[in-house]
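Each of the two complexes below includes subunit A, the first together with subunit B, the second together with subunit C.
Up next is the complex of A and B:
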């Protein structure tokens, strides 16, 4: 009698829980079944028929249209913006911090936050149609400094077509306590001519999901998804002198650009001034390669600068913050009679500081091109 | 103090792999409210005000920004490297997004005495008195704060 009484409560509770789970599952199938949804892109330029219910970023990616997303759809980068011409409901609180007032008025949306429930008309830049997903196999991985790795992937399912300076998104699989795949964006350091490969320089970010994976788990032979190319950081086709500034993994797009120039005979066609900032000698890399380019090409000038060289470095090159060195060269060395273009790659703080120096030397702001967050 | 729904949600968001690889709790399984209470008590024992510590960290980090991503010596006693990565991190309390700015602050004479501070960890410290769980790489441990920042 007592045993039966004891058992009744848990059995009844289990039965109620099971019934509720079934009810939720059935309701979910009915309520969240949006059926087939049509996506019209760029006023009929492309039309897709997809299954509704998933967010727009993922749905477009499943149809091989890759909207830029540095966070892989977690709503934390604000890069997956799409203009939506249909009513998909009000902006969500998760979108608003990433959008300007003008973008809110134009109904620009974060595609990772918009669930597709009915037919929609959207507008995206035409270049997104060129972006593809590739399977990469790590052919080589090596340390270039104590906290930067050079990772060279072989693409096993196609050739990539990109401009030197652009970036790609790599996706790491779940690992350790990280439950889902995670994407992050990095500039390509390989040359476009090497279309079967992509190379990235990845600096360890403390606590970073992807950089921790790359630095602690990634090995030769491992496979990863890579989506590329993205971005509008590339060399403009002019005769202007190029004033290039980078630090750390900001080296990546410039390595790509300079060796692309070597390959297509552009190294002799215009003056290039490349300023690379580091604290001590152990933070410098590719010194031999870049010095070799400087020796070989009269119009290529490489200026590495150390902000706090150690005695043991026996450093005889430029010293000081890269902005101070840049300022000095713009004042005393770089010809003022020839037009200049700025090319910058680094953190927002570094970019802002370099742009201020360039503006102070009358360089036009619209001729300064940059890629933030190398 | 109680674990409000806001704190319960924050605790879920602090698990490894939700916002960052390592999460915010380190080896701790205690409710965050207990972690906060214990650290508030320790800060009081040490005679350190949260506002004072946050202001010191901000100043050191602001000076460190002048290194433009490379390490720089601040006030002759700290070596500070401020890095920024692409994108943002959401606060586990869902009260804002923060640029991925990380600062490594170490004593010049003893680089092992080091703090790792992010824009987000500083926000959690300042607003919620949440120093993060023991074992978290971004924990702003009260004793460590005193050792590194001369508080």
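Up next is the complex of A and C:
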């Protein structure tokens, strides 16, 4: 067979495909051109002129309005809720699982799922305007366990105003096979008083885009985009006993909260029970610091617990799942006469199990605050 | 090439009624059954299928007769037809997303699935086998689309009635729908007596 006859088929096929691809691209350019779109925020308190065609979350972020999003716009965290007062079409199947019936009624939308096609009128909480984007330079990065790094950023362009317990989003640039910038949420572990620094505890998640970057590529002196502060996980100002439970990098908000208390003289004002669950001793960190706090402050109680201590750990503290330890303390040790508030930070599985334990000890559901990593 | 000796009006009529692509050839059944439970989406999907059928029958005719036949590449027709169909569906999808986001959402996955709707590839292949001319192909594509549209509208109207009727539990949903389609097919075959064309 001649070469030409073999070649003519792939060439013809490619040419036809190419022609069709051009046709599709041209249609896309024409059809997906929404021109300039106006966004009216909170009944005229702000209005923006933006280019339509992309989702609301990204568009607002480009105008420096940072709606919280723990998943970075993949529609898997349900954080980026915005009330939309104009008609932007029915709720998508991707939004419905994250919205209650009242929210559906009020036309609350996930801003990452709503494509901006025409002028819209939206409502967002005023505190979102506080959220800013910062440029952070890694001042210190160190391992606190075999899989958790403590990263301390200096903010080079302004000071941050946050409540201990809130979180920030850090953005890693494209690297390796990751084509676009990726954002993930992490709780601040630094104290609000240190307003030109932010610290995060980042645990390596196998296959995680941001955690892998932080663990394998990030070094002192590197710059990173940080958006903060977000979230409603902070200490409520009451006299109730704080029952705090954390696991792994869930330590972060509590580190911030306790040292913030130390700075404000709040450590003697209420009883704090801090349960920290880990598997073996190598998963524990900040033991010395927390034990020191416990010795210094009578009302602060630190209970680290190992679920699978190894013999070499020579562990003498509490053992068992954190839920069992928590259950034991709520039953036997923690006074029942004083009101209690729950503060939880960790994996969804741990959180749900701890909430069940707390409920079984008659702690009110609306007094249990949590920060769930998804 | 000798186009069959059939004028355009009977061809249009035949492709809508006597040789209805759905009810005579039983092509394109999956979305026919699943979407027909809602009248409005049936209407939308019918329109989309008609548009895609009309576009692809014309385009595939051009590609087949202007490119594949002269270059002796007729054996590439399946892959080429499918590429053309996929592109047209892509364009239709973009247009619907722009023009009617509501319809876009109700059609959901069934809109991209038009790509593999066998009625569409079927029409392109019939057009080639029966050696239709360009205009005949366009009319046949349009007629088949309208026929598909008509059939799904009729079925969704019937289903609306049937839903309220005392259907035995075991036949609820797809069961009674398939039986209904059988009756509809018989009725459409009845048109064949009026116009015996293929």
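A few comments on the model shown:
The rule we apply is simple: the second predicted complex is superposed on the first by the 316 of 374 C-alpha atoms of A that agree within 3 Å, B and C clash if a C-alpha of one lies under 4 Å from a C-alpha of the other, contacts with A are read in each partner's own complex, and residues count from 1 in each chain.
The criterion applied here is as follows: a residue touches a chain if its C-beta (ideal position, glycine included) is under 8 Å from a C-beta of that chain, and two chains touch if they have at least 3 such contacts.
The shown structure was predicted, so the numbers you read here are calculated from the model rather than taken from an experiment.
When both complexes are overlaid on chain A, the residue A:336 reaches neither subunit B nor subunit C. Using the contact criterion defined above for the overlaid structures, shared-chain residue A:279 touches subunit B, although it does not reach subunit C. Judged by the touch definition given at the top, the superposed model places A:346 against subunit B, while subunit C stays out of reach. By the touch criterion defined above, A:89 lies against subunit C but remains apart from subunit B after alignment on the C-alpha atoms of chain A.
Of the two partners subunit B and subunit C, more residues of subunit A are touched by B. In the superposition on chain A, A:156 makes contact with neither subunit B nor subunit C.
Shared-chain residue A:212: touches subunit B; no touch with subunit C. Of the two partner chains placed around the shared chain by superposition, subunit C is the only one that A:9 touches, whereas subunit B remains out of contact. Shared-chain residue A:97: touches subunit B; no touch with subunit C. Within the complex formed with subunit A, the subunit B residues making contact are 15-17, 19-23, 65-73, 81-90, 96-97, 99-100, 102, 104, 116, 118, 137-138.
Per the touch definition, subunit C reaches subunit A in the complex via residues 63, 67-68, 71-73, 76, 79-80, 83-84, 87, 90-91, 94-95, 97-98, 101-102, 105, 108.
By the touch criterion stated above, subunit A contacts subunit C in their complex at residues 8-9, 12-13, 16-17, 20-21, 23-24, 27-28, 31-32, 89-90, 92-93, 117.
On subunit A, the positions that touch subunit B within their shared complex are 70-71, 74-79, 97-98, 174, 176-180, 184-185, 203, 205-209, 211-213, 247-248, 250, 277-280, 283, 307-308, 321-323, 346-350, 353, 372-373.
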